[in-house]
Structures are given as structure tokens and as C-alpha cells.
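Two complexes come next, and they have one chain in common, chain A, joined by chain B in the first and chain C in the second.
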Partner chain A sequence: MAIQLPSVASKEKNMTIAEFHQSKRTVKIWDRFYPYFSVSIPVLVIALFTIYPVLYAVRISFYRYLLTKPKDHPFIGFMNYKEVITSYYFRNSLINTAIYTMAVVIGVTLFGLIVALLLNSKVKTANALKIIILLPWAIPAVVGGLIWKWILNSDFGILNGILYSLGLIKDYIPFLANPNLAKISLIMAAIWKEGPLAAIFFLAGLQLIPSELYEAARIDGGSSWKIFRFITLPLLRPIMLIVVIYETLTAILVFDLIYVLTGGGPGDSTSLISWFAYAEIFKNLNLGHGVALAVIIALITLVLILIYLRIIRSEE
Partner chain B sequence: MNKSKLLVKIITLLLVLGMITGCQPPAPASTESPAAAETQAPPAAAETQAPPPAATTPIELSFVTWSYGVETIADNIKKFQELYPNITIKHKDYSWLEYHDTMVAAFAADNAPDLLYGSDHWLQEWASAGWLEPLEDHCPSVKDYSSELAPYALEGMTYEGKVYGLSYYADTMDFVYNEKLLKDAGIDKAPETWDDVYTMSKTLKEKGLQYPIIMAWSQKEGAFPEAWTSMVFSQHEGPHALFDAELKPVFNQEGSAAYQVMDWLVKVYSEGLLDPASLTTAEIDQVKSMQAGQHAFTIFPQYNMAEVNKPGSGDYAGQFKIALMPGVSHSTVGYVRFYAMTPAVVKKGPEYIDAACKFLDYFGGKTDGEYKVVKRWAVENGLGFAQLPLFQDPDVIAAFSKWGDVPTIEQQAKLARAKEGLTTWYGTWDVFARAEIHKAILGEIPIMDALNNMANKWNELKGQ
Partner chain C sequence: MGIQLQRKLGSGFINLVIIILIIYILGPFLWMAVASFQGENELLKHPPSIIPKNPTTDNYRYVFTGQVPTSYEVKGQLRSRISQEARLIAPALKNSFIVAIIVLVVNLLLGTPAAYSFARIKFRGKNIFYNFILASRLMPVMAVAIPYYVIIKNLKLLDTYWGLILIYCALTLPFTIWFLSLYISNIPRDMEDAAMVDGCTPFQALINIVAPLMAPGLVAASAFAFMTSYNEFLFARFITQSIKSQTGPVIIASISGNPDASYSLISVCITLGLIPPLILAITMRKWLTEGLSASITFR
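Take a look at the complex of A and B:
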């Protein structure tokens, strides 16, 4: 016998108790699984495009994988890692990467800070400069590399032309053919490319500093240097950390600029670790070595990220 | 439910799933070569399942080249399509400097074109990986052409006894000098030895020429190892200048031809006779600075002679001469670039193979009994050729005479040899060797260290 349920929605008016409980159970099950369902879609996408490729790459790094031998991939354990790490070229590229990263991070931070301070001042052209200064960052790295290649050309480069016409040099300088000058050229091009972004970051940070602090400091007789040292710099620390983290990772992973500007040469003077990984895959056709290197690069960056995160947390 | 626990559960599950799938054996490599697959497919069954379409069925073939003479290529394609209206060629070109890496990426991603340019120094690498098809297995006419080819060119297109290409052009690496600059400095004859080049360069420098020698030895420049090998060949009598008959390196000995060449290079670099920019210079810039009269000596592929001596191309047009490669034997490198076919064509079926063979015949073979396209490249662009009968062609002789001394060209061609050590690992080794040569020239490492590194790398690659 059907029992009428009092004061329920009209839809449920004719429901039996059994149907009502069944419906409630369905809702409960749906409620229980809905979070899994909703989370699983983005996680599946991440798994497909991130986790799977990473694990697949890690898997390849344990096999002898020469592109010229597509049917022969014996398991060799950690041999790829051993061969790569013990090679002269790994040590050389690691040293080059360390030099490049340190120089670029310091250069970009200083450049960004100085430019931001200038833009934050009451210079009339500051607004226009804010847009212009971003241009190098907006230019693709490959185009930037080509621009610098032409600027530094040892036969008809504009830099040589200017230096020569000013009487500063007697002969044109082969900037990209000298190992040390090639390194410096690469670093300069990277600072030119990345500096504007850092400047915008710092500018945003500067504009967040309350002007009352500066006014109070001036009333107290603080000099410009002391204001910068004890007010601006400490309040810019979080921004500086972000810039340093971002630029460190960008510098370690740089590839396009080297590809266009120096091709790793002359010799192997500008062969950075990411270039070395590329060369192992596309020039030596050794996918196993290349992927092992990619894993090593990923681990290095992971360690750096963890260190930086720790520093940020301690700051907070 | 605790949300973080839920997330952890899901992520763990997906990680496990990812690991299971990620740890499958890498890249399901085909267990049979495309050629084998083709031979296994019974032709009769193929006919019954999908009868070959009529000759007028539209067929599209992709064709990839490096960026040289693109307009001529387009015109040749147009003429070919007029001859075979049912075949459409989709042409794409990449910079010569990026060509190898671009094609390797395409091959590895299973995105290879149907037809493409190949080179002798990549053939072994590409053919052993199954990225190219042996032409003689599919195109009957290929074997007929072989008897008319220069031996070094045929060798450069052959892998494991099978011909993989039809020659697009074949050329020699030539030593070139600017006769006017030499005359202005009081030098009235071409150098015959590397010592002559050194002495003359010193004189030219004293007379005000900043860097008398330039090379296009950017590490990306594919002709770099060919120029270096030419110097080594010229300084050595007979074969085995770099490797012995068992492919063991012989160049890493003091006094070897390679050592002498490196010693000479270090000397001319350190004394400011070789333009330091040589280490970052590509062929185009090399040609332009020679045309501008900035340098007196260089080594480049012979086809550039037509460009540098082209009337109106500069103050020194007509002044550039070929001398036999200085050295004891005057030998040089002869190399070949060729049209090749990939397994992609074979997979598409017999009608595509037939169309591809027609294309190859037209471009690298004969049409109406004549090497039409090869001859066109020779006459219009000054490209060398592997097809020996063309040396007797009056049009070719007339064209070559405009920019060069035909007897010297012929003599140098006769002294040309294929590169030594053309193996599956040659391409990898030659890229490695470029950086070592650079380091020795720059004085970063001693010559013997560079040569030993090159030998060790060779042995390492050989052992893989």
C-alpha cells in the first residue's frame, strides 16, 4: 500500500518509501563519487600530457637508444647516466651553464632594478619608456638571437662599425669566434632579452611601496642611498626572489639563443647543458643519452626550486 | 571526506597507471623493414583488395629540400607536373644549416616526407635507421644510371651494396684564389703547397690585406668537414689518410697528414692570416666576403665559382681562379647530394612508388635520353655533376668556361675522392670533430689532444 508523504515537493508526493530511499541512495552515491569524478578529469589530462611523457622519458633513459638502430634497444640500467656524467662534455657544459646562469641572473637583476628605479622616478618619458623597455622581452628569442648575430658580426656588424668609427678599435673584433667573447656575447644577449621583464617586476614592486615610508624617511633626514638600502631594497626582497628564481630556471634551460647565436661554439665554449642534451639527441642521435641528460637537468632545476621555496617560506 | 586524502588517492592511482603504461617497452619499433613489409605483401591480394587506380588518379608527393635555388626547383617541379598532370609535388625547403636536424626530427617523429635531398655524409646514418628506401629495389632505371656515374658519387649514394639516391649534383671542394689581389701584391702564380699559401698570405698581409684566408667553418656548416678533409687528402698520397682498411683511425699520429694540416691551421690562425671569424662563418658569408675582396684564399664547393665570377657581382668578378688543392697529392674531396625516397612512399602503395620513380627519373635521371634537370643545374648554376657523359656536353663546357678553367676543373675532378669512413656513425663523428678542430685552432687544447679525442670518439661510435 502506498503511503502519502506529508509536506514534500509535489514531485515526490506519489513516491513510495522504497523509491524515496532508493533515490536518496543514488544521490548519496553521486555525492560520494562526484569529487573523484570532477578531480579525475583534470588529473587525467595532466597524467596524459605530463606524468606519462615524463615516466616514458625516464624509462627510455635506462635503455641504449640510438636513433640509427631503431630495432635494438637493450636495457642498460644506469649506463646512460654514467656515460653522460663521466664525460668531459658534461663537466664542460655544467661549468659553462653555471657561469652563464650566475652572470645572467646577476646581470638581469641589476639591469631590471636600475631600469625600474629610473622608470619609477619622475622622468617625463617614463610612461613611453615602460612600453619600449618591454620590446626585447616581447621579441621571440630566435629573432633576438638573429639580431645579436648581425650586431656582433665580425665583418659587417654594427657594433664593430661603431667601435671602429669612434676609433676605439683598430681591427674588427670577432665577437662570436673568440671563446671568451662568445660567452660574454651570449650573456649580454640574454640580459638584453630577459632584463625588461625583471624591470617590470621590480617596477610593480616599487609602486607597491607606500610613499609615506619615503616621506617619513626624508623627514628623518635619510639620504637617498639610505632610503634605498633600508626601505626600498628590503621591501623588494619578495620580488627579487621571484626574479632570481625565474631567471635561474630560464638560464639553465636556455637553448634557442645558443642555437641561433653560437651553435655551442666556437669549440664547445658556449655549449650549455641544454644544448648538450639537444646535441646528444639530434647530432649524436643518442636518445638514451639525451633523455638521461634531460632527467638530470630536471633534477637540478627541481633541487633549485626546492631551495628557493625554502628561502621564500623562511622569508614569510 | 578529507579532500586531501581524496586527492592523494587519485594522484597515486594515476601515477601507478602512468608508471604501468610509461614503463612499457620504449617505442614499439617495427620488427620488419618497410621494404620487407612490401615484399611480404602478396601483390595479387593487394590487387584484389584495392585495385591499383588508373594512371590519371591524382597522386600527391611531398618533397623536401634545403634552400638553394628554390625558384629553379619550383620551375623544375612545374615542368614535371606538366609532363605528369596526375602527380602533384608539394615542395618545402629548410635552411641547409638546419637541414640535418630538421630531417632527423621528422624521421624520429614518423613525419618524413616522401622525397627529399640527401647527402653522402648522412646516407649511412639514415639508411641504417630505415629512414630511406634503396631506390634500386623500387625504380628499375636506377641501376642503369650507375654505370655513367663518377665512382666517388656512386660510392656516396651506396649503402650495403644498394643505391639509395639519384644524384642532384656532385662536386669537388676546390681551392680558390683571387688572382687580382695576388698580382697586386706582386705574386704571379697560384700556390702549389700549403707552405706557398702561408708565404703568400704573409706577403698579402704585409701589403695590407687583414686576413688573406677565410674558411666557412661554422660548426653548423656541413661543408666544414669536407673542406678540412680536402686539406688532409691533399697532404697525403693514396688512400687511408684518415682510416685504415679496417676503419681504424690513422690520423692521430704526429706527422700524419691530419696533424700537418692542423699544425698549419694553428699557425695561420695565431699569426692572423686566417680570419678568426672563419669559425663562425657560413658558406654564404664566405662567398660574399670573397666577392668583396676581403680575402685572397679559400676552400669552397666548386659551384660557388659561377656565383663569384658572375659578371657584375662585384669588383673582382672574373678574378677568382681554381688552383689544384695545394699539397703533396693535390687530391680533394668529391661529394654527392642526391634525391632520395623514404618508406612513406612504399607504405602508400605501388602507384605512389611509380610516381616517385618518375619524379626521381626526371630530376636525377634522364628524360628523352638526356639528364635534363642535372644539366640545367650545371649550366644555370654551375653545379657539378656525377653523370660523366655531361662532361662532353657542349652546353655544359660553354657554361663552365665562363667562370672557370675547364682543364683544371677536370683535373681536380679526377683527383677527387669520396670521404673516408662513410659509415652509420660518420655524421655523428663529423659533428663531434668540428668542435675538436675548433678547439685546436683556438689553442684551447694541443693538436694531438684534439686528434686523439676525434679518434676516441670514432672508436666509441664504432663500438656501439
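Take a look at the complex of A and C:
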């Protein structure tokens, strides 16, 4: 598709112009194609591990699927959902999840806020805190849980050892064998693991507050508490919302920590909803039940995320 | 006088809070390290000695060379508390390391161009792809653990590095792409526009102009990808079967569930497993903090 030039151009020159147009067109096609090319592999990999698993899970949840009888799996409609929801363990795990989530979200938010305020202050010792604050966040949750398990051990745990040496207790306390203490232990370990991230988030928020605001308030004679209450806290609101929602989701989905620290026990006192789903699949070998539970968990988190998006939008 | 005293008390209280927080954060790590240098009999005392009376490197020697610590030979009944499994920690950490490094490289090679396209180029279907990538991370892992196993099994990748790498890429790429595209949108685009007018392709603009400007973001994204892969447990437990591919967290969880394992050996495994993420968290502190801050304050 060489373009005819009006003048009597030499054959050679004609060719170069044709080539020039040709190459320009391939560049144009390539330019249009490039963004799809650049996102294609990530999208494909992510799609493989998203679409298929979701369809698979939803499908299995409508079948009676026992891992002991993998060949025989009849369609049973919503029976899995009905059986799971009406069971005692479901109610128990929901209550446990609610208690755990509330305690962890409040604990992590307070921890994060206090640490961030300290890190943002001019106190010299806070520098040491700055260096180590990320450590619990950076390690595997399983390992974090194990460390706490040895610390809290009722026969030779170091926490019992310290309390005993200080004369605070006469007998060793079975932290993980008592239902209430096990819950508290789990919550303390979770705050230890999750708190640092919240602290960094709050710190980022604090650093966005212009220092003139503080100076003006101080000149007007505001006390530290009043400055915190009427300037810092309101301006941290958007960050606080993100932290609360993020920590709520993390708490509802917690699994690794329970797996190593309490194994859902003693009894079923730390059996949270994700642990219940795991136990249905790998202990009771009832894949249908476990997957139905997982679908329920997914729906709960989806609702939370929709609420979150609505709040974020109304904030803006 | 009164105000000064009040101030002194106030700063004393703040310092006390900081010290308590430091003990809470650091104590567990220190205790694991201390315990790994103690003999079993000292750890099982009532109460255990916080500062080791006879510190020993025997536990480490056993894990690396298989030489049984002397303290176990003396006490006959304790000898069984030696677990062969503890010796798997070194190859397991090697597996973790290889997998995490490959995932990191894949994230940079595939994630950066994708993030650039999302941040800078207009193309049809962009929002659908972008929202799909973000939404993919909202699935609870428990729901997809079994299907993931089925996928990896059908691809004949059970108990291989590639099975783990594939899953971890699917887990980390959404965050990398989201994070880097946020980062790129916060870089002024004048220079790229000028380069494009001069006939630069988007890819050339990314490599020559944007990449150097987004270096801190790339460092942070790499660290996140590495940590996510290095720390992952649930999927690794499902799709690995032997030390050929089992990762650090899998072996550590398995050893500590072994009633035969000695507590000092478990401490050794935990301490060894924690060294890479702790070094990363301390040396990369600035980038990690900046990256995390950016992820919550950028719009």
C-alpha cells in the first residue's frame, strides 16, 4: 500500500516511504496491544486461582461430599448449609469469633494508637521502639503462635517461671488449658502480631497532620489531652476506619495462630469460624460441610467490605 | 517547681510505658534465642533460668551436623526427646528462600509493567481487569485451599517449587500491582509525556524514566512479596509432601507438633527460621514503613 507521491520520485525513495508507513502501523498496533500484553499474564494467573476455586467451592457445597467416600457424592441442595448453620458448633464458633474479633480489634487499635503517638513524640527512648516495632509483623503467623505457646506452657513456660520467681503465683497457671485463659492468651498473641501494622498506619496518619495545627492550639492554651481529643483524633478518623475494618477481616479469617497455639481448644473454647471450617474438612473429613462454611465466611466478609466501601465513599 | 516535677513524673511514666512495650514486643524473640542456647534439662526446670547458666551451642551443632548433644547422653530417659525432624530445618529454609526469591523476581518482572499500564495507559476493559485483580484477594483462604490443591495436582506440580511459586504469585501479584500503580500515579508524568512525544514507547518510558523514580516503591513491593511467600503456611502445608519442597513454617509447625521433639531443638529451628525475616524487617525498616504508609495515605 505504497503511497503515490505527486512528484516523479525515484523507486528507491518510494520504498523507504512505504516501509516507513508499514513500520508506523505495526508500532500503532503494538501500542494498542501493549497494555493487554502487559497485564495478561498476571490476570491469567490470578484468574486461574480465583474463578476456578470459587466455582469449585460453590459447587461442592451443594453435594454430600465425605472425604472417606470420594466416589459417592450425591447432590443435596442446601442441606450442607442447613446442617452447618443449625449445629451447636456453628453458634459456638460465631460467638467465639465475635468475642475474639471485638477484643482484638479494640486491642490492636489501642496498641497501634499508643505506639504511634510515642513514635511521633520527641521522647528519646521511642527510637528503640521504632527499630523493633515491625518485627512481630514480619514473621510467619505460625511461628509467632509457637513462640507464645512455649512462653505460656503450663509446665515449663517462661511466663509461669517469671511470675513464680517474682512470688506473684504459688502454682503454675495452665494458660492454655483453661477456656477463658486460652481465649485471653490467643487475643494477647494476636495483638502482638497485628498491633505493629496498625501502629505504622496510625503513624502515617499522624505525620499527615500539619504541625501548625498543634502550634495554634498550644498558643490558644489547649492541654495535651484536649489537643489529642479535638485535633488528633478527628483527623485520624479515616485511618482509624481502615485499621478497624482491616483488623476485623483479619480477625474473622484467623487460622494459623489458632492452628499452633490452641488447636481450637480446650474443648471448643477457641474454635473460631475459620477453625471450624478447617476441622469439618480435615478432622471430620466432611468436605461439603467445610466448603459450605467457607462460602458463608466469604459472604460475611463480602458484606463487611461493601459496608467499608460505603463508609469510605461517604467520608470522601 | 510543681510543673517541673509533674513533667518529670510524666516523662518517667512515658518511659515506663515504652519499656513495657519493648519487653512485650521483643521478649518473645529474646526468649527463643536464649532457649536455643540452653540444654534441655535447664529449660525443664521449675522455674527455668532466664539467663542460661551453662550456655551451649550443642543444639545448633546437632541440627547442622547430627552430633548428639552431651546433655542428652547423660540423662538416659531424655535421649528420646531428640527429634531427627529438627535436622530438616536447614533444607526447609533453603526451600523457603528459593521459592520466595523467585516469587519476588516474578512480581517485579510481571507486576511492574502491569502496574504501569494500569496507572498510565488508557485501554478498554482496564477497570474490569483492575477491580478483578483487587477483588481476587478478598476470598477467605479456607474456601480455596482444597480447590488450590486440586489445581496443583492436575498440573502435576504437587510437592514442587513451581506449585508453591504459582500459588504465591497469585497471592502476591494483586498487592504488588495495586501498590505499584498507586505509587506510579503519585509520580508527576511530565517527563514521560515529553519522552512519548519524542517517540518513546510506554515500555521504554517505564524502564528509562519511571523505574528509577519508583525505586523505593519497588524495594518495598519486593520485600512484601518475599515476606508473604516466606511466611505462608496453609497452602504450603497442603501441597508439599516431602522435604523436597516443604518450607520453613511447615517444618517448624510439624516439629513442634512432634511429642518426641526437644524444646531446645524447637527453639533452634524457630530462631533459625526467624533470622531472614528479622534481618529484612530491621535493614529494610525505612522502605517497609514508607511503603506501608504510602499504601494507606495515597489516593
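The definition used in the following text is that the second predicted complex is superposed on the first by the 265 of 316 C-alpha atoms of A that agree within 3 Å, B and C clash if a C-alpha of one lies under 4 Å from a C-alpha of the other, contacts with A are read in each partner's own complex, and residues count from 1 in each chain.
In this text, a contact is a pair of C-beta atoms (placed from the backbone, for glycine too) under 8 Å apart; a residue touches a chain by one contact, two chains touch by 3 or more.
Computed from a predicted model, the values in this text were never measured in an experiment.
Contacts of A:V39 after superposition on the shared chain: both chain B and chain C are touched.
With both structures placed on the common chain, the touch criterion links A:N178 to chain B but leaves chain C unconnected. One of chain B and chain C touches more residues of chain A, and that partner is C.
By the document's definition of touching, of the two partners only chain C reaches A:W148; chain B does not.
When the two complexes are overlaid on their common chain A, residue A:K283 makes contact with chain B while staying clear of chain C.
In the superposed model, A:A298 lies in contact with chain C only, and not with chain B. Of the two partner chains placed by superposition, A:R218 touches none, neither chain B nor chain C.
By the document's definition of touching, of the two partners only chain C reaches A:I133; chain B does not. Residue contacts after overlaying the shared chain place A:T262 against chain B, while chain C stays out of touching range. Once the two complexes are overlaid on the shared chain, A:Y52 sits against chain B and chain C alike. Shared contact residues on chain A (touching chain B in one structure, chain C in the other): 32, 35-36, 39, 43, 47, 52, 54, 56, 60, 155, 287. Of all residues in chain C, those touching chain A in their complex are 11, 14-15, 17-19, 21-22, 24-26, 28-29, 31-32, 35, 43-48, 50, 110-111, 113-114, 116-118, 121, 123, 126, 129, 132-133, 136, 138-144, 146-148, 150-151, 166-167, 169-171, 173-174, 177, 201-203, 227, 230-234, 248-249, 252-253, 256, 263, 266-267, 270, 273-274, 277-278, 280-282, 285, 288-289, 292-294, 296-297. Taken together, the chain A residues at the contact with chain C in this complex read 27, 30-32, 34-36, 38-39, 41-43, 45-50, 52-54, 56-57, 60, 114-115, 118, 121, 123, 125-126, 128-144, 146-151, 155-156, 158, 160-162, 164-165, 172, 192, 196-197, 200-201, 203-205, 207-208, 239, 242, 253, 255-256, 259-260, 274, 277-278, 281, 287, 290-291, 293-295, 297-298, 301-302, 305. On the chain A side of its complex with chain B, the touching residues are 32, 35-36, 39-40, 43-44, 47, 51-52, 54-56, 58-60, 63-71, 73, 153-155, 171, 174, 176-179, 262-269, 271, 279, 282-285, 287.
By the touch criterion stated above, chain B contacts chain A in their complex at residues 1, 3, 6-7, 10-11, 14-15, 17-19, 21-27, 29-31, 100-101, 104-105, 107-108, 125, 128-130, 210, 218-220, 275-280, 285, 289, 294, 424-425, 427-428, 431-432, 434-436, 438-439, 442, 444, 464.
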